[in-house]
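Reviewing the structure listed below.
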Amino acid sequence: MKRETFRYRGDMDLDGFLREMERVGALGAGRLGRAARILEKMWSSDDVTVLLTVAGPAVAGGLGELFERLIREGLVDAVITSGANVVHDALDALGGIHVCLGERNVDGYGRVHDTHIPTEAFEKFEHFMREVLSDLSGRVSCRELLWEMGKRLESGFLRAAADEGVPIYSPGILDSMVGLHVWIHSQDHDFHLDLVDDMHHLADLVFEAEELGAIILGGSVPKHFAMGAAMLRGGLDYAVQITMDRPETGSLSGAPLEEGKSWEKVREDAEVATIVGDYLIIFPLLASGVMQRLGIV
Amino acid sequence: MKRETFRYRGDMDLDGFLREMERVGALGAGRLGRAARILEKMWSSDDVTVLLTVAGPAVAGGLGELFERLIREGLVDAVITSGANVVHDALDALGGIHVCLGERNVDGYGRVHDTHIPTEAFEKFEHFMREVLSDLSGRVSCRELLWEMGKRLESGFLRAAADEGVPIYSPGILDSMVGLHVWIHSQDHDFHLDLVDDMHHLADLVFEAEELGAIILGGSVPKHFAMGAAMLRGGLDYAVQITMDRPETGSLSGAPLEEGKSWEKVREDAEVATIVGDYLIIFPLLASGVMQRLGIV
Amino acid sequence: MKRETFRYRGDMDLDGFLREMERVGALGAGRLGRAARILEKMWSSDDVTVLLTVAGPAVAGGLGELFERLIREGLVDAVITSGANVVHDALDALGGIHVCLGERNVDGYGRVHDTHIPTEAFEKFEHFMREVLSDLSGRVSCRELLWEMGKRLESGFLRAAADEGVPIYSPGILDSMVGLHVWIHSQDHDFHLDLVDDMHHLADLVFEAEELGAIILGGSVPKHFAMGAAMLRGGLDYAVQITMDRPETGSLSGAPLEEGKSWEKVREDAEVATIVGDYLIIFPLLASGVMQRLGIV
Amino acid sequence: MKRETFRYRGDMDLDGFLREMERVGALGAGRLGRAARILEKMWSSDDVTVLLTVAGPAVAGGLGELFERLIREGLVDAVITSGANVVHDALDALGGIHVCLGERNVDGYGRVHDTHIPTEAFEKFEHFMREVLSDLSGRVSCRELLWEMGKRLESGFLRAAADEGVPIYSPGILDSMVGLHVWIHSQDHDFHLDLVDDMHHLADLVFEAEELGAIILGGSVPKHFAMGAAMLRGGLDYAVQITMDRPETGSLSGAPLEEGKSWEKVREDAEVATIVGDYLIIFPLLASGVMQRLGIV
């Protein structure tokens, strides 16, 4: 394939930009262009069950409303994410509290690089979690807990997931403030967070899928939870991942999708693309461009 | 502090190298030298409870026996790791099966960059897990499950942990082959993996600690599980982390320990050092050098 | 500043995307949004002399035509780049020969990751260089040599620079195929490539600048050549850099622009932004969005 | 090859560590172990001409004395480096002035991440350069200039190179303080820095080499200058590179040595190893370990 050169046009929208990247075809541009084409396939077919996996500071970095939109548009069939994103989404809904105060610690705030959350927001969160948990008892799966949280929030992707019946799995959730409150609550209540039940649920989703696709933001446990489930049916058919990790360290977050074929986590003939970059920039660009391509307004 | 220059000596051992790095004091050398000094403090005092957190391919990359040694020497009081390291440790013990076949997929092997595991090893592992699980019932914490596994293995860090009564926590374990077998087994047996119970256990460990230190390899869920627990007592007193991640993306794995102070996950006056690099090289160097310093043979 | 969340709109163009990133304000989004605002200032004022510095595979990666456009629009007043980009631009103009054959060596091609150049193209290039050099004698600066090359090419940024009288400096050019041919030619001709003369020229440009801005793609020698010149007038007033390098190694390519203030390479009150990412994606996005903002069609 | 596990020994020296890494064989350990074996070959044979290429903050980071040692031991036959390393080496020799004041700008100091140089040191340097230049006239190659500098310094790698007649090439030197003083001096003196002459010299060195090896620290112009020269004889026979750059961006600094084969910059049957990491840590470890192996005291 000949490598073309990028041409600016004054009326270029995001889709036009992605098409131009595909036309260029080389290096980063080519990877982004191919990722857009794969995402288009996943999103334009009714046969593809799409998993969105999210590690890293997606919600702190401003992507919560985009995830909400994707859920409401039916573009993702399940979300697998870290505890932090769940917590940050709830914090946002409980009072819109992320601020950007620069790369330094500021009294009264917890910090994520240049972004800060007032520590008092966590008191509201504690109160909220107590209410949520007081209405639950017995064995409760993570997705049920997250739906319960979503139902009581006025915005955010947890709310959208609850409204739309889209499961959110968070297999590593215990490392977060949700985990903390679950732990405290479990001590003197008949409440058992049943994370294994979610595997059952995800397995069903995966078995029933005509085809399976994954959008992988940042790797880590969410990526591997999705890939492990994909193994049950011989692997993913489509996958797009955005990561800053290197392959050479051997970390899963940096592993090329090609490697997944050796584990039957990715099918031999799957269409896959890895983009090296900060997903807080690349993902809104990619997702918005492909939504434009599909005529979503 | 004046920056010195590195001086080669023909009789330099690993401790000598770390001391020389400390003497140099600048950039990477300085960070490594300071990390060694902090690790020395953690390891030479009886008052410091030391958590080892491990994400990434530590065991695939050859560190299993070093972890075993650290446990047996009493240098770590708890390990927090991913499911993959637990699985790889068991695989090693069940038949020493990692091979290095280059950066390409090879039929009959699952691949971790340039390192490969025969897929048939997973049959042995399945058999092993079935035996382990058949002896357990009711609610079982992750650390209990891992001790049960360890007891039946002839080598590896799981075995050492079982022998020495050192807890291993694996809050994200469900994304791994252990998770898979737990899930299958749970379907028709009275078996509940109780990951929340481990939080209770870790909380006690942390509360009882005179001082708290962490050795953080690669970040991710294990890092945050440790830091979350550290919050319960106002933060870590000592921490050394080795990571390839960048702070700028906002990922926890790349977050400087300084940032942890804003969350009271690290004490204001804590002694901390971050080394940018591949921990498969840096950690054996650092750990071995400090063990030499302490006269361990 | 409150962190907002990203909102998709079906009619979003590239400028709209950059504005949305600025609105979000956190982490990667914030850095990109601020960079757009700074670039807008550089480009909308007649008082700012703008240097474009380019290390890495910009032309192989498809950006040659964009650089051409920026030069023709008067948006850059000088380009500082590596020898490779100069060579690749000429190769493109001599026959449009970059192809993308995947991440593997292919007989008869030189490779840049997934992009390939037929080795025979270098014969054309040799012929071309011989012609260029045969018309030059005595002491010739790098920018004069590059203009001579540009005049004989039908497209590309060298041609645009020659047409518009925009200087291109390439202080490290000797490591490239241009260097090779210069060396061969110098052996038996009265021809001296006078790289020092370019410093004189750039110094004049910088002294005459009302305000000085830099667009820094990838760091390395081009970045430092620009920053060194900026020192002569107390530093840059504006700068935007896009890099994948880390600050922690101490490499100039990864150094934050803040560090440049300690050298008076950047003014204390300069407006600067660093974006972590692949400039082959980020720069066409940023440049195109800001051109849209300025109404360029 | 079976992957082994790392075994600590109380009496391990640096060579022992490298051997243990080679024994492990997987991922980072394997790459380091293989690199040691290749370096051993380069250094133990009289037939191999060894080029050391250095970009990034090697001298600021404390490696100047190690380079000096390598030159004096006859372990490197030529050095190719950036202007910054040349300047920093001279600054060190003129008064040992690097200090480490933390990651912040400090009045009166220029900063390289956490390392600082008093700005007044540059006055001494200016004085020194004036003296050096006043003794030179006509066309002077870079290596001659650097030898002249070396002769007047009491320590450092420039001095060692002058003493031993080892050429130092610095093809991008004009971006540095040496470049600045050369430029100022050239304005009113009959002095021409002839960087092309060094290519001639390096070409001879390369043509005469029985076998050719390269130690590549950090990539950039020095790496490519060496590889370009290697092309003249069909490529390098041995190479070890240490870099933090990614291959995916297409930058030369991150390019695997395998890619160099497509350009005949590396021979098809060359022995090569790339280590991902901070060379300020990895290189002193690797070089010292291999020197121990060779019995150098």
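Per-chain numbering from 1; labels A, B, C and D assigned in written order.
Note that in this section contacts are C-beta pairs under 8 Å (C-beta built on N, C-alpha and C of every residue); 3 or more make two chains touch, one makes a residue touch a chain.
None of the values given here were measured: they were computed from a predicted structure.
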* Asked: Which chain pair shares more contacting C-beta pairs: C-D, or B-C?
  -> C-D
* By mean C-alpha coordinates, which chain is most distant from subunit B? -> C
* CA centre of subunit B versus CA centre of subunit C: separation in Å? -> 43
* At what distance in angstrom does the C-alpha mean of subunit D lie from that of subunit C? -> 26
* Structure fact -> Each of the following residues of subunit A touches two or more other chains, namely 26-28, 57, 60-61, 112-113, 115, 244, 246, 248-250, 276, 278, 280
* Could you pull out which subunit A residues touch subunit B in their complex? => 55-57, 60-61, 82-84, 105-106, 109-113, 115-116, 139, 171-172, 174-176, 179-180, 182-183, 186-187, 192-196, 198-200, 203, 218, 220-221, 224-225, 228, 244-253, 255, 258-259, 261-263, 278, 280
* Contact residues on subunit B for subunit C in the complex? -> 26-28, 31, 246, 248-250, 274, 276
* Note which residues of subunit D are touching subunit B in the complex, please. => 1-14, 17, 20-21, 24-30, 32, 57, 60-66, 69, 92, 96, 98-101, 112-115, 244, 275-278, 280-282, 284-285, 287-288, 291-292, 295-297
